[in-house]
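In the two complexes below, chain A is the common chain; its partner is chain B in one and chain C in the other.
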Partner chain A sequence: MPVDPLQYTPKITLEFKIGEKDFYMAGESASRTKRTLQQLGLNQEVIKRVAIIIYEAAMNVTIHATKGVLKILIDPNEIDVITEDEGPGIPDIDLAMQEGYSTAPYEVREMGFGAGMGLPNIKQNSDELHIETKVGVGTTVKAKVYLKEGGFTSA
Partner chain B sequence: MTQYFHSVTLDYEKCKGCTNCIKRCPMEAIRVHDGKAKIMEERCIDCGECIRYCPNHAKVAVTDKLDKLEGYKYRIALPAPSFFGQFKDQEHIEDILNAFISMGFDDVFEVALAAEVTAYIVHRHIREKKKERPQFSSACPAVLRLMQIKFPDLLNRVTPVLTPMEIAARLAREEAIKKTGLSKEEIGTFFISPCPAKVTEMRCPITAKKSAVSGVIGANIIYKDIIRHIAKNQGTGRSGGKQRATKLGLAWGYTTGESRSVNFNTTLAVSGIHNVISLLEEIERGELKDVDFIELQACTGGCVGGPLNIQNLFIGRMRLRELIKKYGEKDPYFDEENLARLYEERLFEISEPIQSRKIMLLDEDLSQAIIKMERLDKITSELPGLDCGACGSPSCRALAEDIIRGMAFETDCVINLRERVKILAEQILDLARIVPPSMAGMPNRKKEEGDKDKGM
Partner chain C sequence: MKVRELVSTLNLEVLTKKSDLEREIKGGYVSDLLSDVIANMGESYVWVTIQRHINILGVAKLKDVAAIVIPRNLTVGEEVIERAEEENIPILRTEKGAFEIVGLIFNALKG
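Right after this comes the complex of A and B.
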């Protein structure tokens, strides 16, 4: 099928694999995405929001699931941060979304995580949030940040 | 905007084009093209890594020469705290100060003394303004320049207080005006510097509108003169330079000195530009909110590790510590009341927010930038990923970026080039086997074809 050049939306995808107990990956993928977004000229506010989402979503995969992938899709209108994992799934999403709710084990809390603030933080920093989950199989988190309303600036 | 100045440059004759420096530069600011290194001016933050690392000593810092003194009626030397660690036989601090006078300066003002003022103001500022934690030191200009480019969202956490160098110049000039009655313009203030970043900070300040420093002279330039005059003055009892700084200010010469004197419960000191970068990345992600103040220095070990110093950083630190132990216990020159007045006058604050610099931008237009990024990703994926540096760019990704920016070609990659040559060679061979019909049936051709058939 021929591509209509006027319809064509340029898009880039960043992808990171997240392994179990791969505590570095969340931070590193957030930092690397930040550099990319800086090169694209996005404003600090948007970059900060996206970085928080990436960090929290990837951390959740590391801590609560077995393994997964993190994808960041960027086009001129919006940025999607998606994590797809294989893991226990979330039995009660509403409960998981509550501030302070956490099932993180002791050793994870010792490392400074497990305050139960990750998902609320993701929600607060995204314009749309969709979570699909199947207990015993895995979880997909899709967070969207719009760029149109003042998201982009070259100032 | 004025043209961007920076201090680190290349000694063209000495450069062998070896590519050692390109990997070391934290800003990916160096390329080797046509057998010589080139620094991309607007990216360089004057951290001095390349100076330290170049095996051929082909990277040099441009600082002022002593003849700049001639433009002023009254000349004041402002030695950095680290300068005192450069002497072997534990000279008395005042011997070093006196040497400045006997070599031709009219006065000498220790930057360590100004550092004590800085520490007080920074402390009060953080305590009273209750800003977001952690707060960062503003003292190292190379770190500030790094933040302008790579960590713009952390700039608002730099304590808005001038550097000790700047405060020293202002205090010294004020004193000199009172003492001599000369005008501001007739008084020259000369910082004796361990690093190139201070030269840049004087010429294109980011913390002040105009620097009060008239010149920055490399420690390496003045060192021999000072040594000579120390020897000459021995036993003459000649004086003029009085030590006023205490151990608090002098310890700014090495890492942890600053954070200790700023004095909070929780402080952290990080030195070495690559360490600073990793730490700032953590803070970007929201870590370390419980830390009040972080001292950041581009040079490993702090200012004693500056590339213009004479002594090895560890030796410099040891010497400085010895001096501090011997002469550092003093009553502070500025008492609490003086310091409080200086704080309240707010003359030493950075008045305008430090601006970010978007020099890594691919395109002003977002769609265009994304298209370029798509191409960049594609080119990167086609490069071998060895980051060998033979193309003259620090990594495969950096080469891809240079290609996008029109500064390099895909054939600059020697591995890819080799692959292409191989393909080309095979094609040539194939072509050589094709013979015009007029020659068909000649013995050579038959034989070749026969071999080929057999091999298949």
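Right after this comes the complex of A and C.
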């Protein structure tokens, strides 16, 4: 049942652990979040965008980092998708943002990853994207999706 | 068109014994790059791919696919089939190559 946005008080936080080579987790956490957002009565377009961001950000931790957490913060104005990982970091963010750029190893490419489209997909589907990274330490990706313009009107 | 009708029209093999074939198909997409599928495939589509790793089910679930279609009679692991049954994602298979089956699905959905 959709929740009345005025009755709906901040803040809902969803949290998932991301392990190494846990390829199912990204899809699973994106699907679960999708269900939660549907129950909150958010419109389909917003839900679709958030699901894509979650999938790609979580998959990047699985593939490129050692381990991490995925957090989804939902409040009446925006949804934040945040991944914090321990891993190699990103030496050149501008390069990593380019469509087609990927350092994914062969075994992972064989499974259909490594098109170099994940970060561009995240960028395209978010209203704000912040990446903090330290080589040899890890990466934090924070993507925001605004809800102001009708995020709550069910499509 | 329903998944069941597509199966009988194109003589597809149903690898998942327990799955819902009454789903309505809204379109089709063919790609083996998961980020491309995530970005561009619509919901309730049939997805033609040669990927058969367990992670395709995460993508399939997220995109709420009507069915996955595997070309060239490629082998799909037992683990993947069981998981697909649990998630209620039909996995279909054909002896035809991707190019040919995509053409046939396209015509079946248009027709």
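One rule holds for everything that comes next: the second predicted complex is superposed on the first by the 144 of 155 C-alpha atoms of A that agree within 3 Å, B and C clash if a C-alpha of one lies under 4 Å from a C-alpha of the other, contacts with A are read in each partner's own complex, and residues count from 1 in each chain.
Just so we're on the same page, a contact is a pair of C-beta atoms (placed from the backbone, for glycine too) under 8 Å apart; a residue touches a chain by one contact, two chains touch by 3 or more.
As the structure is a prediction and not an experimental result, all values here were calculated from the model.
Asker: Figure out whether A:55 sits in contact with chain B (first) or chain C (second), or with both, or with neither.
Answerer: The answer is both, since A:55 touches chain B and chain C.
Asker: Give one of first, second, both or neither to describe whether A:23 is in contact with chain B, with chain C, with both, or with none.
Answerer: Second partner only.
Asker: Which partner does A:111 reach: the first (chain B), the second (chain C), both, or neither?
Answerer: So A:111 only meets chain C here.
Asker: Please indicate which partner A:31 is in contact with in the superposed arrangement: first for chain B, second for chain C, both, or neither.
Answerer: A:31 contacts both chain B and chain C.
Asker: Please write out, lowest number first, the residues of chain A touched by both chain B and chain C across the two complexes.
Answerer: 27, 30-31, 34, 51-52, 55
Asker: For chain A, which residues are in contact with chain C within the complex?
Answerer: 23-28, 30-31, 34, 51-52, 55-56, 59, 111-113, 115-118, 121, 124
Asker: Quick check: in the complex, which residue numbers of chain A touch chain B?
Answerer: Chain A reaches chain B through residues 10-12, 27, 30-31, 34-36, 38-42, 44, 47-48, 51-52, 55, 74-76, 147, 152, 154.
Asker: How about chain C: which of its residues touch chain A in the complex?
Answerer: 32-36, 38-39, 49, 51, 53-62
Asker: Over in the complex, which chain B residues touch chain A? Could you list them?
Answerer: The touching residues are 150, 152-153, 281-282, 284-286, 356, 358, 360-367, 369-371, 373-374, 377.
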